[in-house]
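Please read the structure below before turning to the comments.
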Amino acid sequence: MEYLVEGVLRAVKLLITMDPYVISVAKVQVLVSTSAVLLASATAVPLAVLFCFRSFPLKNFLLTLINTGMGLPPVVVGLVVFVIFMRRGPLGFLDLIYTREIMVVAQFLLAFPIILGVSIAAINAVPESIRETAYTLGARDREVALLVVREAAFGIITGILAGAGRVFAEVGAILTVGGNIAYDMVTPEGIIQVSKTRTLSTAIPLETSQGDIAAAIAFGLILLAITFILNLLVSVLRRRAGVA
Amino acid sequence: MEYLVEGVLRAVKLLITMDPYVISVAKVQVLVSTSAVLLASATAVPLAVLFCFRSFPLKNFLLTLINTGMGLPPVVVGLVVFVIFMRRGPLGFLDLIYTREIMVVAQFLLAFPIILGVSIAAINAVPESIRETAYTLGARDREVALLVVREAAFGIITGILAGAGRVFAEVGAILTVGGNIAYDMVTPEGIIQVSKTRTLSTAIPLETSQGDIAAAIAFGLILLAITFILNLLVSVLRRRAGVA
Amino acid sequence: MRSIVRLEGVSKRFAGKEVLSGINLEIREGELLTLLGPSGAGKTTLMRIINLFTRPSEGRLYFRDRDVAQLRGEELLKVRRSMAMVFQKPVMFTGSVFYNVAYGLKIRGYSRAEVERRVDEALRLVGLAGYEARSAHTLSGGEAQRVAFARAIVIQPELLLLDEPTTSLDPISEARVHSIIRRVKELGISVVLTTHKQHEALALGDRVAVLKDGKLQQVGPPEEVIYAPQTRFVAEFTGMVNIFEGVVEEVAEVCRVRVGQVQLEMPAFEASPGERVCVGIRPEEVMLLRTDVPLNPRHRNVLEGVVEEILPQGSAMLRLRIGSGGLRISADVPRHVVEKMDVREGGKVLFSLKASCLRRLEE
Amino acid sequence: MRSIVRLEGVSKRFAGKEVLSGINLEIREGELLTLLGPSGAGKTTLMRIINLFTRPSEGRLYFRDRDVAQLRGEELLKVRRSMAMVFQKPVMFTGSVFYNVAYGLKIRGYSRAEVERRVDEALRLVGLAGYEARSAHTLSGGEAQRVAFARAIVIQPELLLLDEPTTSLDPISEARVHSIIRRVKELGISVVLTTHKQHEALALGDRVAVLKDGKLQQVGPPEEVIYAPQTRFVAEFTGMVNIFEGVVEEVAEVCRVRVGQVQLEMPAFEASPGERVCVGIRPEEVMLLRTDVPLNPRHRNVLEGVVEEILPQGSAMLRLRIGSGGLRISADVPRHVVEKMDVREGGKVLFSLKASCLRRLEE
Amino acid sequence: QKEGAAPEAVAEEAAQNTPEPGEMPRLVLATTTSTYNSGLLGVLNSEFQKRYGVLVEVHAVGTGAALRMARDGEADVVLVHARAKEDRFLEDGYGINRRNVMYNDFVIVGPRSDPAGIRGMKSAAQAFARIAQAKAKFLSRGDGSGTNAKEQEIWRLAGITPSGEWYEQTGQGMGRTLTIASEKQAYTLTDRGTFLAYKGKLELEVLVEGPVRGGDPVLANPYAVIAVNPKKYPERNYELAMLYIGFLTSPEGQRLIAEYRKNGEQLFYPDALVDRENYNQYLPVTIHGLYDEEGEPYTGVTLPPRG
């Protein structure tokens, strides 16, 4: 229990003092994970619309595949991405391994099936008559899709938040492709640690393996705080937009 | 790329030969993760119904908290559970640490918010008239709740699958509280490794840390295959039940 | 006849707005009561109160002489289970027709065999035998309506509440539903049916209750409501288009009321001279008089007027709008009469507002 | 008049089932065409074809003399954008009334000011000025219907397609919608309106097209459809309840047809003796004859019968079901006539089927 | 004036004064976790950076994975401790110029109650044999790490193939394995460094000492640094790798290792210096892309004189 109490205190202190290391780690986390979620949303939501509007053979099977994708093991995703982008891999010439860009790619793969799956469920629940009404009013396919997304907003946003939850908390994939790298920078003020590919989520197991459970818990709390603020933001925006 | 090819071949071989180690590891995985998902579903779905049917102060705020919960970092969940159940912790006397039971508890905590959040979105989309019709036909609250769940089945099942996806692929929590423990058994056929608290998902980073990327990918594929079969099962049952 | 449901002084407010006020109404055993009123009158709200769905803000609700307005839990359930309601826009549960119809029985714990027997019976009653396995979402509107019926009837309620059951049906389907309702009544089930269609209320109801703005205007047998409307609204809503405001000039064996430049003679009613009153006559009670024969002195309230407009009214009648002495009077006249008398727009006509048909209306 | 839409031999099959067959129909500029038919006749399908929503399986569809049946993409959009359709059960988009009404304008890229001006105008037209900020999901059924109207009108279509716009409305709301439709017509917009209500089709339509089982039965002005139904179905659907099958006995200046034990005289038609034909007469054209005065020799087809049943028909009329010579004949008679002649159930009556009103009907 | 500055301002300034990590030459080091987790690498690498303006990117992944990375050409240099694997790595031609850097030792730890009674035993193999005999709980890392390899070696020496439920494998790093051992009150083999780092949180004691405290020489734990063979991966920065090896094995590097303390304890013992006065430390003469403090191209390295 002392660990918990100490973890909370440590989290508060790190936040109040704006610890530069924590800030740099948090910055990478937010940068990478929000990019991944935004990219995944931007692709998965339109695909969900397409999926629901078109009928094609093996649709049910494809849905099962998508749902299976919600259970992609992050480490495996990380490894596969790694193997493809590593120096000797087919895309090794891009020299992306151990960069933030490749972390975005890996997390994108994790967020994508969740956002897709939940969005499909949400869009499925929008009555077809909404779509038809839009068409009779002269809407183009694109405009109809937008409208349906608006109607399914509550469910889709839940899907995006679930996807965000997954990637913000995820370790396996970004650890593998990103390497959890931080530099000790020698500065006039002394040595400070700066994150290159270290995130709050990957910093947690590192602290644990160094035996600093309280620090791990503190980092976890900070991560949760960030997730919470993002959620709060979304909920406010959602109410402001009046969609759900 | 050879890693990928080798990983696939290795996975096929392990499956065909019914490798006893892999089977024992997979058994623990299925046992622990399905227990967690079932428990989480059994609690989250009724709570989602309650949440949607009742109105109370701070409902929106609570929803934001639930959505935040979808982003609980597994390692932190693992640590917190560990700290509570460890020898010197408040519930240490239960002697549950490094058992399958405690792994279920940790994964339950991870699956719960996702299933809850997505179920809420799904139930929200069921028209109120369904509920009222059931009441006029003389249904009790419990029966009405069941009916609404049935109507929202597509979305709720998606939520459960997302929850299942998370816990089947998750490493941080079960590694921390379960310990990834296996032991060697001497049998007439030779020494075989048997899992105690090792799962496919926790075996993956182990293989990676040994530098055996192909093995890690093979384990990941087997894990995915299991997830896929579960998904297929659900989709067949769902169609059989005619709910979605 | 014993009453099955009795409302005493029932009022309902939603967010301060009074939706029902002071309703006193009795539903008698075995009767079919129609609740006639325009949109927003409070029909659905009243049905929901009877079904113990909505709690009245004031007043008492008796079910078989027991005050049930404040029941809760299992007690409430028991009472509700002796009623069934079909909503204005019935929704189908996802699943087969069988699933839908069997629902009420299953939750009552009937045996599988009994459920099947009763579902079969109910589907037969609504003319959908053999539809058991169909997915309910693929039904047409009319079929869904009938499944909703079967779903309600199958539990053999003592009281069946039907909220605008024919509103969106074509005449053929409507006739079918009417005959189903009559059969249900023959089973001894009491029925309350809301409608905004005057003809339906009158054709089906043993008694008609007219509701407007949450207030009961009149309750009585159909003929009474049509031919003795008590209020201006009931008169208007049942098609009495000629309604005038006037001043009482004489109260004796007959009353005389001045309306515009015209004095009308009508059956006596309680009033004092100089009082402002509202009087009305149905358009089909306005009689065109022949001008080629001498006027029969029996005719009262004979007026001359100019035909301003001729509109089709139904298929057999024409409605003449006649301007006369500052009044605008509508007269429904059979087509062949109009043709025979060679009445045209702009032409002059002689007509009579039969004294015995003129009625005084409350506001 | 120029035609705005023309269908030539349009058929539509769904999964092998023919839902529309060989439809030839023209919608003229500025006219209001009503499409009358029972549930399942194919009314909605026809509307969807006109709106380029559903592709006909066969036949041609001209919009302003251009074959548009196979258009795609932007071309199709351009044509569709000159029409607007209001569905049978309009759905509101989540959002404000303004959002709903403005939708069609926004996707057409109108300026904010123009959108606001037009939305205001449209809401005024449907009598919902000031409703802009209301959440569309909180509207009553009638209000939602009118918002759907405004949403369609606001884009100033050349052709407005209304699918059963008044089906679920009470008479007062229905009258309001009718007057809105008339105002829309005054704006020069052509309108096609489907309905299953005979009175609506006749009251609103410049022309009426009767549809049954996917086939056009008759197209023409309302009076023609009522008084000269060509087919048995049109006759039945427009309320001609007396339809008999008989055998032609004589074809001369008049025709004589034997129906049961009775020989009926009727206007001449082309047929040969011995042919089986179908004849009908509207119930209000059956005339009760007084028995206390001598029979006027003008009367043809005078029959005696027994009143089996008296039912209210609307509010002013009663329907007598009369059994006579093996036939069952319905007669709609004003209430006061019935009272005056003291007709009762079980009593005998004398009546005439006016020869000029008897019509031959195709099957 | 730095004193009163707001923390964020300090952070910002630090960020400004510091060359962006991207601009500095980069050396990728794959290593076992103990070197990183103990904090030693932080000290060594900052000094290296200060001196040469080279950033060291540390991948602390464990010996097996570190060698895997190097084999895949994802690292310039490795710092590991598993002799057999190192040899295979060299023999396969992936590594070159292996140098011993330092050593510490392994110890056998276990519960205070010591159910197998091994406290103070001089032979690790005998201690293991006694544990096996008592079927007392023993935790193995079972992850193919250097520690795990050493443990296997000792079992071999004891002539025992451990199996059964008393002998559990965690498949995890040293820290977690120690935590589990403490929770389960089991024996385990650990490197001294990690044990010292975790000591406060553990209910375990050192029962059998390693060579640092005069125990069984079998328990020695030598760390070696190996450059990736530029023949295999010409694109890897061999020159920087050799610069790093040179630094670690230089008197300066060795001094830093010897002086490093955690919780007051010395964790590593330098092992690279040779007694011969004239032994010349290998260092690259020119290093591409490296500039000295004046911004002039860097052409050589002068190490401070010994002492």
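Before moving on, here are some points about what is shown:
Each chain carries a letter (A, B, C, D and E) given by its place in the written order, and its residues are counted from 1.
Definition applied: a residue touches a chain if its C-beta (ideal position, glycine included) is under 8 Å from a C-beta of that chain, and two chains touch if they have at least 3 such contacts.
For clarity, every value in this text was computed on a predicted model and none was experimentally measured.
Chains that touch both chain A and chain B are the following: E.
When the partners of chain B are compared with those of chain D, the chains appearing in both lists are A, C.
For the interfaces B-C and A-E, the C-beta contact count is higher for A-E.
Of all chains, the one whose Cα centroid sits at the greatest distance from that of chain D is E. Chains compared, chain C against chain D: the Cα-based superposition rotates one onto the other by 180 degrees, nearest 5.
Centroids of chain A and chain E (each the mean of its C-alpha atoms) stand 34 Å apart. Between chain A and chain D the centroid-to-centroid distance comes to 58 Å (mean Cα coordinates, whole Å). As a whole-number value, the distance joining the C-alpha centres of chain B and chain E reads 37 Å.
Centre-to-centre separation of chain A and chain C, using mean CA positions: 60 Å.
Counting partners per residue, chain B has 176, 208, 213 as the residues that reach two or more other chains. For chain E, residues touching at least two other chains, in rising order: 173, 176.
Shown for chain C are the residues that touch two or more other chains, of which there are none. All chain pairs in contact, by the document's touch criterion: A-B, A-D, A-E, B-C, B-E, C-D.
For chain B in complex with chain A, the touching residues are 1, 3-4, 60, 63-65, 67-76, 79-80, 83-84, 89-90, 113-114, 117-118, 120-122, 124-125, 154-155, 158-159, 161-162, 164-166, 168-169, 171-172, 176, 200-201, 204-205, 208, 213, 216-217, 219-221, 223-224, 227-228, 231-232, 234-235, 239.
On chain C, the positions that touch chain B within their shared complex are 51, 53, 77, 80-81, 83-85, 87, 89-91, 93-96, 103-104, 107-108, 135, 151-152, 155, 161. Only residues 61-62, 64-69, 71, 142-145, 161-173, 176, 180, 182-184, 203 of chain E touch chain B when the two sit together in their complex.
Chain contact summary for the complex, chain C toward chain D: residues 38-40, 140-142, 164, 167-173, 196-199, 202-203, 222-223, 226, 237-239, 282-285, 311-312, 314-317, 332, 334, 336. On the side of chain B, the complex with chain E involves touching residues 86-87, 97-98, 175-176, 179-186, 191, 193, 196, 198, 202-203, 206, 208-213.
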